[in-house]
Every structure is written in C-alpha cells, then in structure tokens.
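Following this line, the structures themselves.
One chain, chain A, appears in both complexes that follow, with chain B as partner in the first and chain C in the second.
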Partner chain A sequence: MSGGSIIIFILNIFGALIIAILGILVGLFYKGIDRKLAAMLQSRVGPPIRQPFLDFFKLMIKENIVPENAIPWVFNGAPVLALVSTVTILFYIPFGPIPALLGDSGDLILIAYLLAIPAIALVAGGFSSGSTYASIGAQREMVLMMSYELPLVTTIIGLGWRLNLAYPGLKVFSLAALSTNPIWGLVGPLGFLGALLLLLTLVIVTPAELSIVPFDIPEAETELAGGVLVEYSGRNLALFELSNAVKMIVMGTLTIALFFPYNIAHLLSITGFFAYIINILFFFFKLFIVIFFEATLIRVALARLKIDQASTAYLIFLSATSLMGLLLIAIDYII
Partner chain B sequence: MSISTYKIPIGPIHPSLAEPMTFNFEISGEKIQSVDLAPGDNHRGIEFMGRNRNIVQIIYLAERICGICSASHPFAFCRAVENAAGIEVPPRAEYIRVIIAELERIHSHILWAGIAAEELGFNSVLYLSWKVREEVLDLLEILTGNRINYGMYMIGGVRRDISEEHMPRIMKTLQYYKDAYQTLEDVFLKDPSIALRTKNVGIMTYEDALHLTSVGPTARASGVKKDVRQDQPYSAYADMDIKAITPDIYSGEVNGDVYDRIIVRILEVFQSVQIIEYCLDNLPEGEILSEPKIVKLLGTLKKAKGEGVGRHEAPRGEVIHYIKLNESENPEVWKARAPTYNNLMSWLPMLQRQEIADIPIVIASIDPCIGCMDRVTLVDSNTSKKQVLTREELMKLSIAKTRRILK
Partner chain C sequence: MKLDKYLDRSLWVFHLNTGSCNGCDIEIVALLTPRYDVERFGIKLVGSPKHADVLLVTGPVNRKMLPRLKLVYEQTPDPKAVIVVGTCGSSGGVFYDSYNIVGPVDKHIPVDVYVPGCPIRPEAIINGVLKAWLKLERLRGFSGVEIEKKIEEVNA
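And now, the complex of A and B:
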C-alpha cells in the first residue's frame, strides 16, 4: 500500500465517522419533525422536536433485558447489525451537493442489498427473542420484505436501464451518474408518466421499509404489542430506534438522488462557497418535503392493513404499477 | 392432515384491551382456530359492598360500576328501587333522566368509535372523534357538574334541574352533533381503509345473535330489532316512538360484521340527538324529586318490603338491576347485570376463522366493559387459584342462590 492510499484510507475513516454521527443526528432531528407534523395534522400539540433525542438517552440508561429463552448472541447482535448496515448506506449516497464518500466503490444494487439487511436483522432478532408475539411479527416482517422487494428493485432497474440506453458505457447504477442525469430529462411525455409511476412505487415502498402505518404490520402495537420488538428494551431498542431514524434519512435521500437531484444555487446566480451552503440548505428542504409525503402524510391518513392485504398490495398492485412504469419508459424509448 | 397450531394469550394485560380480560387463542398461521375466554380478573365485590350500605349510598356505588355507563347503572338502579318501594317519579324528572342518559349514549358511542379506530392503527381518527366527543362532555359538565359520574340520579327523581338558561348551550351542542354527522360518516363509513379492515370481519349471524342472547348495538348490527326503549318503553321513552336501529337503514343490507356495528353506533348518536330534542320541546313543568328530604326518603325505604327490577337500554345494550328490600336499612340483595355479560359469548362466532390482525377490532366491536361485567370470580382462599365451574355446577349454585333470595 502506498503512502497516498493510506492517507485516503485514514481520511475515509474520519469521513465515515463524521457521516455516521451526522446521519444519526439528522435522522433523529427529522424524526422529531415528523412526530411534530403528524401531531399537528391530528390536531394535537405533540412532543417537542428534541423528543427522539430524549427518548434515545432514556433508553440508553434503561436496563437491557435479555429474555431467558432467547438466543443471546443473535438477540444482542441484531440491533447492532441493523444500525451498522443502515449507516453504511449513508456512505454510498450523495447528499445534495456533497458527493458520496465511497461513491466509486458501491452502487444502487449494493444499496438495495444493504436496505434488506435491517429487515433481516429484525427478523433474526424477533425469532431469537423466544416470544410468540415476536415470532408472529418476524414472520410478518419476512412476508412483507419479500413483497416489497420486487417493486423496489423494478424501480431501480428501470432507472438504470433508461440511463444505459441514453449513455451507453456509463456506470449506470452509480448514484452519481443517476443524479447528474435525472430521469425526467431523458424521456418524452410517455416516459415521464412512467417515471412518475416509478416514483410512486418508491414512495409507497418507503412506509414498509420504515415500518410505519399502514405497513407497521410486523410491530402492530394493538395486535402484537410491538411484535418483533416486543422483547427489546434499553440499549438494544435504542439501537433499533436509531437505525429506523437513519433509514428515514436513507429513503428520503435515495428518493432525492434518484428523482429530484436538482440544485438551486445556479438559478439564483450565486457562486462559490455560498452556493454550496444554499445547495445544502435546499437539500435539507427537499428532504423535509420528501419525508413529509413518504412518511408523515401516509401514516396519518391510513389505517393499518392486514398482512395479506399489504402483501397483495405490494406483490400485485404495486409490482404492476412499477412494471407499467417500466413499460411506459420502454415504449417511450421505442417511439 | 392435521393442522399444526400454536397458542397465543391476549390479556390479561395487552395494548388492545383497556381492562383486564384473558383470551387464549389457538392459531394456525395467521388464522384463529379456537378461542377460550377467561374473565374474572376485574371482580371488585361491588354487590357485596352495596349490601353494607343504605340505598342512597348505593347510587354513588352504582355510578362507579363503570365510568362510561355512569348514567345507565344508576338509572336502572333507581328504577329498580322505585319499582320495589312503589315510588312515583315526577314527569319532569323522567324527561331529565332521559336527556342525561342520551347525552351519555352520544359520548359513549363516539368514545367507542375512537377506540375502534385506534385498534385499526388509525390514530388520526382516534384524535378526531375524541375531539368531537369533548363537546358533549362539556355540556354534561355544565348540566351536572361532572364530565363523567354525573351524580344526577336519585331515588324518585333527579338531583339537578335543567333551567331556561341551559337551553341555548344544549341547542348549540345538538346543532354541533347534527353538523358532525357528515364528518363522522365521511371518516368511518366512507373511508376505504376502514372499510377494508371492517367489512366481512367478525361476522355474527342473526341466528347466532338470537341464540347467544346478544343485546344492544351488537345484536342490532346482526339485524335483531331489539331495544328496551322500543320493546318495553319506560320513563320518558314511553312518550316517543323509538325504533331499533339496524344497519339496513343506512346500507340496505345486514351483514352482521364490524362495519355494521359502526353504522349502528354512528346512527344511534343522531337518534339520541333527536330524542333529546323531543325531550327539550316537551319538557313538563313541575317537581324534579318526589321526596327532596333524604332522611325522610331513607325512612320510607327502611319500611319498604319487596323486590324490584329496573331495566335501561345502556349504550352497550340492556342493563338490568335487581333489588330486594326487606324492611331494613340495607338491601337484602342487589344484583347488577351489565350488557357486556350477555355479549361475551358473541365473541366466539365472531372470532372464529378470523386472522390475528382482526382480534383487536373484533374484541372492541362489542364495546366490552369488563368492569361492568365481572360479577363473580371463584377463588380458593388457601391456594389463591381461580376455579372454572361446569354448566351443571353453575346451575346448582344458581338455583341455590335463587331459593335463598326467594326465602
């Protein structure tokens, strides 16, 4: 290893640390905003925006109970795995004007895999906790995961495929390439419609990824008393909460990078350092809008579905929607 | 091939239950194979406490059998005592009693609607409906002094009058609920995600409802036109023409599912508004108590001998109070039968072949009030173990008790 690469390696480690900490802070902050907004929509006062931080610190000082008939290493390992895998995704996603830390070494396919790991960790944690409620929750989580993977992957493939047609030879699944050539600029009116359908798919998959109403079926508070998380407490639960908060940022940022990677500074003819700041602020504003539509509004407006209804919705209706989007983009290209 | 099943207990403590009650489910996959009820965790010995108090003190106790039915129990209890002691109630008091009872029905049904929404994971609707409910609680506070446990009912009448200056405030509330009908209909009956979770869920057929002697909205949602206010009109209800509300009034068909139970309750809220309007328009002048001096009243009751039954259509169904006076300060027997007791067995056909996800809403759909219902628990005082009686043993004990009462 040469001297240069060692320095880059060390810089990357520092960068990763900073991104991880920032990601968690921003995630908790947006979670607070989400809770406040949901409360306002439900005509409640709601908790203060710093509530998720308080919850986290409270959980950290609480006792960490491992049930007697749990498998301790899986039970304790699952939350760590969930948090680590979600934080890892942050290294591969560009945040508005800031390019991804490891953008060259991982692409959208890797992100799709990493997105599945927290769900798998939940399933493992649920099964290993030795409670009937958690087992039912884990089964549901598995079914749900298998249902939403297809539409999610169809969306990703659709975007990459269209980009490949436009610019052969480009690394089409790299997020940098996708966000410099947004789909809206590549397609005609029909393809525009198709891209809208793909966006819709991503928006509807997000609540399941974040396990919020109407797709919080694995946790289902009134049915399973917390489902997969029923036996978790203290530090382990805090880690799951963190990974969920980070996942919200991940899904929001992913939507922005794939569909709304636009910046605002050049429109205001600002250059230099200020342009950077303006773009970052604009990015946070976009994140706020996206999270509002992907998480807050959906969870306020709907009742929880049953697992078979959710599975049908994803496997049949949403898959059909995404395939239709793909088809429209294909037709648009042929014409 | 045999179906492999596993057991899950719901209760005695569970987020979907407001009160302690145990359900033992046999589940295969997500489908319920069988269910066993195990009540008896909320027995408070209220009837025993009542036997050590005088009649007027029991009103206070009867009000506290259940927080939501805190007009229904004293209503039925007062009617039982009046029936036993032969006390006449002035007409104005009868009308005021009905007004309070119907205001209670409004708040109880809207409270239930909110809880049902919460069981479906639809928290926005919970907050919305409880916001709508606040209006009637405010009115009840103005009329009676309390949001719940109104302290309004008294042997031979009511304790507070409704005066002229209350009228505008009552009219405002009634108008508020007429306007709210559209909101409630939009939110509960036209919302696709609620329909998805409640239609064809927890079905009880007309035959089952008759066979299991269900009462109240639970029975009416299955098409049984059963309502004490209609069948044996009493108090001011006798002056009105009240029809039992069944879901076909709204949707033209009776399915007996959870959705139908929502329809019945939403419609009953507006039936109550009409009843209150009638009562206000025809409120007779006169006394509100047949005997305002409590000491004198207690003296009369002390000399009374005989038994009495009081029935009332509570928000959850028919509530019956039985009392036996035997020329003493305390009653010899006091028995309260809450509507939930009748509706317990309705759960069995409703829960059959449903999914785990349906359990909370189906359990909530009969609007259970475990505190009202738990009258008996058999506990061995040495081992503190609960006992379950067979049908024969229960029959034998019941017959023995009836003989003891009739003696």
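And now, the complex of A and C:
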C-alpha cells in the first residue's frame, strides 16, 4: 500500500465515524420532529423534539433482560447487526451537496441489499427470543419483506434502465450518476407520468421499511404486544430504536437522491462556501418535507392493515403500479 | 440500580388489568387523547412489560390473575415503579373479602403509588405518575426539601 492510499484509508475511517455519529443524531432529531408533527396533526401538544434522545438514554440505563429460552448470541447480535447495516448505508448515499464517502465502491443495488438486512436482523431476533408473540411478529415481518422488495427493486431498475438508455456507458446504478441526471429531465410527458408512479411506489414502500402505521403489522402493539420486539428491553431495544431512526433518514435521503437531487444555491446566484451551506440547509429542508409525506402524514392518516391486506397491497397493487410506471417510461422512450 | 435524570422525562407505561370492571382502563386510555395528551410529558403506553418503566395495575387481583401479576412485575426491567389505579386495586373496593379475590395488589407486589377513585379521573392518574416520578427522584438521592422544590416547579 502506498503512502497516499494509507492516508485515504485513515481519512475514510474518520469520515465513517463522523458520518455514523451525525447520522444517528440527525435521525433522532428527525424522529422527534416526526413525533411532534404527528401530535400536532392529531391536535395534541406532543412530546418535546428532544424526546427520542431522552428515550434512548433512558433505555440505555434500563436493565437488559435476556429471556431464559432465547438464543443469547442471536438475541443480542440482532440489534447490533440492524444498527450497523443501517449506518453502513449512510456511507453510500450522497447528502445533498455532500458526495457519498464510499460512493465509488457501492451503488444502488448494494443499498437495496443493505436495506433488507435490518429486517432480517429483526426476524432473526424475533425467532431467537423464544416468545410466541415474537415468532408471529417475525413471520409477519418476513411476509412483509418479501412483499415490498419487488416494487422497490422495480423502481430502482426503472430509474437505472432509463439512465442507461440516455447515457450508455455510464455507471447507471451509482447514486452520483442518478442524482446528477434526475429522471424528470430525461423523459417526455408519458415518461414523466411513469416516473411519478415510481415515486409513488417508493413513498408507499417507505412505511413498511420503517415499520410504521399502516404497515407496522410485525410490531402491532395492540395485538402482538410489540411483536418482534416483545422480548427486547434496555440496551437492545435502544439499538433497534436507533436503527429505526437512522433508517428514516436513509429512506428520506434515498428518495431525495433518486427523485429530487436539486440544489438551490445557483438559482439564488450564491457561490463559494456560502453556497455549500445554503445547499446543505436546503437538503435538510427537503428531508423534512419528504419525511413528512413518507412517514408522518401516512401514519397519522391511516389505520393498521391486516397482514394479508398489506401483502396484497404490495405484491399486486403496488407492483402493478411500479410496472405500469416502467411501461410508461418504456413507451415514452419508443415513441 | 442506577438512576438517571433521563428516566423521569420518558416514562413508558404498561397497563395491566387484574380483573377490573374496565372503568379505570377507559380512563387510562383517555390519558392519550388530545384533551389530556400525556405524551407531552414523555409518557407512552407500551404493549410489552419488557419495554415499561411504570406498571399501571387496575382491578382487585383475582385468583387467575395472581401468577400473571407476579410474572409481569418480574418481567419489567429495573428501575421500575408500580402505580395502583382505582379503589379496587388499592383496597379491594366493593370486592373486599370476596372468595375469589386475593388482592389488594400490595399484598403481592411492592406498590409505590395508590390512586383511589371509582373510577379515577384522568387528572388523578397524571398526578399519580408524577408521584411515581418523585419516588424515583428519592431513589436517586434527592432530599425531601429538593423534592418539595421540584413539586413547586411542576405545579407552577
């Protein structure tokens, strides 16, 4: 290894640490905003915005109970795996004007796989905790996961495929390429409609990824007493809460990078360092808007579905929607 | 048992019915409505005793529920507080001395706060949770005077 590559390696490690810490802080902050907004939509006062931080620290000092008939290494390992895989996604996603740390070495396909790992960790943790409630929750989580993968992947493939037709030879699945050439500029009116359908698909897949109402069937507090998380307490539960908070900004950032990668500074004719700051602030504003529509509004407006309804909604209706979007983009290209 | 200042701003509550008539349970659910909105104090109703900090126990304890009551108490991770909601749980109420009742609750598990009433007003439950919070403060090593000052602050 030469001297330069060692320096890059060390810089990457420091960058990864900073991104992980910032990601967790921003995730908890947005979770607080989400809870406050949800409360205000229900005409309540709601918890203070720092509430997720308080919850996290409280859970860290609570007793950590491992059930007698659990498999301890899977039971304790699952929350760590969930958090680590979610934080890893942050290294591959560009945050508005800030390019991704490891953007060259991973693309959208990798992110799609990494997004599945927290769900798998939940399933493993649920099955290993030796509770019947948790097993039912884990089975539902598996069904849900298999249902929403197809529409999600169709969206990703659709965007990549259209980009490949426009610029052959580009690394089409890299998020840098996708966010410099947003889909809206590549397509005509029909394709615009198709892209809207793909956006709708991503927005509806997000609540299931975050396991919030109406797709929180694996955790259903009123029927399953917390479902997959029923046996988790203390530190392990805190780690799951963290990974969920980080996943929220991951899904928001992914939506922004794929569909709204626009910056505002050049419109205001600001340049230099100040433009960078403005762009970052604008990115956080976009993240706020996206999370409001992807998570808060949906979870306040709708009630929980049954697992068969959710599975049908994803496997049939949403898959049809995304395939229709793909078809419209294809027709748009042929015409 | 290490107590922390974060605990009293984020109390998660588990609700256990040990044979109540459902009157107190309805009042507990009323706490979550926009009118009372306990989430502004960080109080959240959770579905599993493993997630809880505070047990809200309603009802006189009947024979069938006794093992479950003990189990749920043991499943709640430390530090924890127990609040008995309603007259039945506090003393037995109208069921006092019945053949199928083994209560009241404090005969079987340690109870920190009693909220009497049949049924209780939601304000009384909020006050009870506040008292439980003060108990946790006392465990943290605050003296009586400091706690009095805190009560003043909360009331103001």
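Please note the rule applied: the second predicted complex is superposed on the first by the 335 of 335 C-alpha atoms of A that agree within 3 Å, B and C clash if a C-alpha of one lies under 4 Å from a C-alpha of the other, contacts with A are read in each partner's own complex, and residues count from 1 in each chain.
The rule is simple: a contact is a pair of C-beta atoms (placed from the backbone, for glycine too) under 8 Å apart; a residue touches a chain by one contact, two chains touch by 3 or more.
Treat the numbers as computed from the prediction; the structure is a model and nothing was measured.
With both structures placed on the common chain, the touch criterion links A:Glu141 to neither chain B nor chain C. By the document's definition of touching, of the two partners only chain B reaches A:Asp308; chain C does not.
In the superposed model, A:Glu241 lies in contact with neither chain B nor chain C.
Residue contacts after overlaying the shared chain place A:Val213 against chain B, while chain C stays out of touching range.
In the superposition on chain A, contact is made by A:Thr222 with both chain B and chain C.
Within the superposed three-chain model, A:Lys62 lies in touch with chain C and out of touch with chain B [touch as defined at top].
Legend: residue contacts after superposition of the two complexes on their common chain; A:Glu231 is shown touching chain C, with no touch to chain B. Residue contacts after overlaying the shared chain place A:Asp107 against neither chain B nor chain C. Residue contacts after overlaying the shared chain place A:Gly46 against chain C, while chain B stays out of touching range.
Within chain A, the residues touching chain B in one complex and chain C in the other are 42-44, 221-222, 224-225. Put simply, chain C touches chain A in their complex at residues 2-4, 6-7, 9-10, 12, 34, 37, 39-42, 46-48, 50-51, 53, 75, 77-79.
Residues 6-8, 14-16, 30, 117-125, 127-128, 131, 191, 193-194, 196-197, 355-360 of chain B are the ones that touch chain A when the two sit in their complex. Of all residues in chain A, only 41-44, 132-133, 136, 213-214, 216-217, 220-225, 300-309 touch chain B in the complex they form. Chain contact summary for the complex, chain A toward chain C: residues 35, 39, 42-48, 51, 54-55, 57-58, 61-65, 221-222, 224-226, 229-234, 237.
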